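See the structures that follow.
What follows is a pair of complexes built around subunit A, which joins subunit B in one and subunit C in the other.
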Partner chain A sequence: MLSKTVILGLETSCDDTAAAVVANGRNILSNVVSSQDSLHHRFGGVVPEVASRRHLEIINPLIDEAMSKAGISLQEIDGIAVSYGPGLVGSLLVGVSIAKALSYALDIPLIPVNHLEGHIYANFLTGSIITFPLVCLVVSGGHTSLLYVEGHGKIEVLGKTRDDAAGEVFDKIARALDLGFPGGPVIERHAQQGDSSVLSFPRALMGEDGKMDFSFSGVKTAVLNYIRMEQEKGSRTDIYALSAAFQDAVVEVLVDKSFMAARQKEAKQFLLAGGVAANGELRRRLRVKLEAEGIEVVAPPVELCTDNGAMVAAAGYYYLRRGIRANWDLNAVPSLEVGQ
Partner chain B sequence: MPVIILESHSQEQTRKIGRFLGERILSGTVITLNGELGAGKTVLAKGVGEGLGIKKAITSPSFVLMNIYHGRFNFYHFDFYRLEEEEELWELGLEEYFYDEGVVLVEWADKFIDSLPATRLDICIEKSKDNLENGRILYFIPQGKFDLTVLEELESQCFC
Partner chain C sequence: MFLLAIDTTTPVCSVALGDEDKLWGEYTLNLKNTHSQKLMPLLVSLFQETRIDKDMLQGIAVTTGPGSFTGIRIGMATAMGLAQGWGKPLVSVMTLDALAEVGAYYPILICPLLDARKGQVYTALYRGEKGRARMLEPASACFADDLLVHLESYKEKILFPGDPLERTREKFKASLGEKYLEFPLLLLSNRASLVLKKGIQNWKELGPESPYALRPYYLRLPEAERRFKEQKKGE
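Let's look at the complex of A and B:
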C-alpha cells in the first residue's frame, strides 16, 4: 500500500471557523465549516469581535467533529496546517494558538499556510489535474489578486486591487440596497431577474496595456450616487436592473484582466478561488472567453471557494513536501503578502 | 474653534489635499475621516499616505479593519465601518497606536468618537448636491490642542 500523509487544516482568518482532514493533498476526509453568516446577517458585515470570540468557543468541538467525520484519531495525523495571515489578528491567533498546542502535544509538524495561497489549493481538491504554469484569480471580500503560479512555492503577484476588493463592493452595495449580508449571492439572485443593459456603470482601469491592477471604488461610488439620485427624485430603484448592471461592470473587469494575464503568461490553466468565485456569471463568462483560447478554467465547488480548512490542509501537504515547517514562535501576520 | 472648508472638484484634487496634509503633519497626529460610502475617505487617506512618503498602494481597510504602512513615520490606517461595539476597539489594540510614534487615521470614526484622543483633526467629506459624482466639500475641524499652522497653510493653498 502507498504511504498516506494526512493533514489537519485549520482556518480562522476571518468570519468562518473551519477544520478539515485531507489525505495526500487531494482527498477530503472531512471538511467542517461553521459559517457564521446567520450571526453576521443582522450586522450587514463581518463583526470581528463576535468572530474571534466565536472562533474561540467553537474551534475545539469543530476539530472533534472533523476528526470523527474523517473516522480517524488525532494520533493518525501527520501534520497540522494553519492560516497565519493575512486576516484579522484576533481571529488568526485562535487558529495559530490551537495549531501550535496540538502539534506540540502530538509531536508532529506545524505548517504555516498563507491564506491567499491556500485559496489556490482549493483547486487541487476538485479532481482536476492541475498543470503549471497557471494563473489564478483570488477574489473575495478582502482580496482581489491575480497570481502567476509557476510551480509550488513559485508565486508572483501580477495585479491586485488599488482600493476596494470586489467582494467588499458587493457587500457595500447590498447594504445600501438593504439586501443583507453577504452581498454576493443576494446581488447575483437579483441580477438574474434584471436587464443589465438598462444601466451602465464605469469599468475602471480597463484596457490599460499590461496593467493588471483593479479598482472598484469608482463603480461603488457610481452605484451609490445612482441610488441616491433615484431616492431624491422619489422614484423607486429597479433593484433587479441595478444588480444586473453592477454585477456586469465588476464581472467584465475581472474577466478582461484574467484573460489578459492568462494570455500574457501563456498559462495552460486558469484557476478561480475565493468567495466571489462562487458567482455563476463570473464563472460562465470566464469559461467562454478563456476556453475559446484553449485555456482550461478550473473552479472549485462553492463550499471550497469560501474560506475552508480543506484548502489549508491541501496547501499544507505541498508545503510540507517542500520542507516548510514553523517553529514554536509562529505568530499571526495580519498583512502577510504572497511569497513572503 | 475655526473650521476650514475646502471644495474639491475631482478625486485627484481630494488626493492632493491629503498629500499636502501628509507632507506637513508630525508624528503623533490623529486624523478622523467621516462621510458617507463613496464620499472619498480612502482617496483622501491615499493622499495623506503619499504625503508621508509611503510607496505601497493604500487600499480600503474596511475588511481588514486596519493596515500599517511605513513612510516618514508609521501610518496606521483604521476603518470602523464594520465595528459595532466599543470593546472591539480595544481588541484591535487601537489605544497602543495613539501613543506610538506615527500618524493615526481613522475612517468612520464618528461611530466611536469618544474613544479617540481629544487632540485631533476631524475631517468630514460631503458630496456636493449639484455634483454627486465629483463635487466634494471638505470640512477640517481642529479639536483640542491641534496645531493650527497646518490648517492655516492649507487654507492659503490652491489645489486646482
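Let's look at the complex of A and C:
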C-alpha cells in the first residue's frame, strides 16, 4: 500500500494568515490565505501589532476552512508545520503557539519550518521535477537572498541584501507616489505603460568582484529624491515612466546576480521564490537570460510566490523525512537565518 | 466541572488543572517574557504528572486580558489550538476578574493593578461579598495619580492584587496610608488557580464559548491606530 503523509502548514510570519494541507510534499489538498493588505493600506506598510491581532482573530476558522476544503479531518493529519522565523515576532508567535497546541492535542509531530526555506519549497508544488544542486533567488518584502541548494537541508547563502529587501523598496516607492500598499503589483501595472528609457536609476554592486550581495538603498534614495525634486519644481511626475525605470533598475540587478550565481555554481536549474517572484518582468527576463545558457528556470504560480501555508507544509514534509521535529519550547525567531 | 486554566497575560506564566473541589495541579513561573517557551512544557508536564486524561476535561479557561498584548495572544492561541484539537469549549476570564478572586471572601474593596506601561495601570474596582468579587467599576487603563484621587472617595480598606511596578505599589501605600491593606506580596500575583475558579463561575453563569468566537480584551488600540485616529481628528 502506498502511504500518504498529510501535513498541515501554518504561516503567520508577516501580514498574511495562511493554512494549507499538502500530501507528500507535492499535492496541494487545500491552500487558504487571508491577506491583510486592506488592513495595513491606510498605514502604508505593515503595522506589527495590527497584523498580530488579525492573525489571532482568524487563524482558527482559517484552519477549519483548510481542513474542509481538503476534505479531511484534523485527526487524519500526520504533522503540523509552522513558520517560526524569520518574520515579525508577534505575528510568528500566533502561528507557533497555535501549532504547538494543535500538535499536542492531536499527538502528532510539530515541524519547525524556516520561512525562507519554505519559499524554496513552493517550487516543489509546481509539478516540475526539481533536481539538486540548484540555485534559488528568494525575493520578497522581507528578503533578497541568493541560495545554493545542494540537497534538502543543505543550503548555502551566496548573497543577500545589505540593506532593504527588493519588495520593501517597491512598497516605499509606491507609498511616495501615493499608489497604495503593497507596492509590487501596482508598480508593475504602471511600469507596463511607461517607457523605462526616459529615466535611469543606479544599479548597485554590479559585477563587483563576483560578490553576490545586493543593495537597494541606492536606487531607493535616488528615486525618492527624484520624486521630491519633481514635487518641489511643481512638475507632474510621469509615474508610468518612473515606475518602469525603477522596476528596470531592480530587475536588472536581480537577473544579473542570479545569472552570475547560476553560472558560478554550474547549476542546471534555477528556482525563483518569494513575493517579488510574482513580478512578470523579473520572470520574463530571468527566463530569457538563463534559458539561453541552458539553465532551466522554475517559478511557482503567483499564489505560491506570496506567503502561503502550502509551501510551509511542503517544506515540513521534507523536514519530517529528515527527522526534524520541534520541542515544546519552540520559540519564534524573528531573525532566523537560512540553514540555522 | 473539570477545567484546564491558562494565564500568560502578566509576567506570570501559569497553568492549572482542577474542579470546584480540588486543585489537581498548578505550575506557576514569574520570570517575565519567556511565555512562548515555558507555557507548553509546563502544560505538558502538568498532564503527565497529574495523569489526568484529557477526556476528563470539560474545557479550557483562559485569560483574555488586559495585560501584555503578546502575552494575551500566546495564552489565547494555545487555548484555542487545544480547544480546536480536542473539540472542547473554552471559557474566557478577564485578567482583573481573576486577580480580584484573591479578596473575594473578605468584605473589602479590591483594586487589581497591572503595569500598563506609559506610566499607566490596568485596573478595575470590586467589593468582596462572600466569595464573589462584585465589580463596582469596569476595567480601564489610567494614570496611577488619577486612580489615587478617585479612590479618595472610598472609606474602606483596599486590597491591591496584581503585578504593578514596585514604585507604583509604593506610591499607593504612601498616599493611602491606613486604607492600604497590607498583604504578602507573594499572594498578590496572578496564577492559574484563580483563573480556574473564575472560569468555573463564568461557565456556570454565561456558558462555554467556541474557539472561533473568543475575543481578546486588549483595552487599548495598537499605537499606530491610535495615532492614525488622532491625526484624522486633527484634520
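Here is the rule we go by: the second predicted complex is superposed on the first by the 339 of 340 C-alpha atoms of A that agree within 3 Å, B and C clash if a C-alpha of one lies under 4 Å from a C-alpha of the other, contacts with A are read in each partner's own complex, and residues count from 1 in each chain.
Quick note on the criterion: a residue touches a chain if its C-beta (ideal position, glycine included) is under 8 Å from a C-beta of that chain, and two chains touch if they have at least 3 such contacts.
Note that the coordinates shown come from a computational prediction; the quantities given were computed from them, not determined experimentally.
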| item | value |
| --- | --- |
| Touched partner set for A:Ala99, first subunit B, second subunit C, both or neither | second |
| Contacts of A:Met229 with subunit B and subunit C, given as first, second, both or neither | first |
| Partner chain(s) touched by A:Val157 [first = subunit B, second = subunit C, both, neither] | neither |
| Which superposed partner A:Leu74 touches (first subunit B, second subunit C, both, neither) | second |
| Partner chain in contact with A:Gly87 - subunit B first, subunit C second, else both or neither | first |
| A:Ile63 touches, of subunit B and subunit C: first, second, both or neither? | second |
| First, second, both or neither for A:Ser52, with subunit B first and subunit C second | both |
| Contacts of A:Ala332 with subunit B and subunit C, given as first, second, both or neither | second |
| Shared subunit A contacts, counted only where both subunit B and subunit C touch the same residue | 43, 47, 49-50, 52, 89-90 |
| Residue numbers on subunit B that touch subunit A, as the complex places them | 36-38, 40, 42-43, 46, 57, 59-60, 62-68, 81-85, 87-88, 91-93, 127, 132-133 |
| Subunit C-facing residues of subunit A, complex | 42-43, 47, 49-50, 52-53, 56-57, 59-61, 63-64, 74, 89-90, 93-94, 96-102, 104-106, 327-332 |
| Partner subunit B, residues of subunit A touching it in the complex | 14, 43, 45-50, 52, 86-90, 141-142, 160-165, 167-168, 172, 176, 213, 217, 220-222, 224-225, 228-229, 334-335 |
| Residues of subunit C that touch subunit A when the two form their complex | 36-41, 43-44, 54, 69-70, 73-74, 76-82, 84-86, 211-212, 215-216, 218, 222-225, 228 |
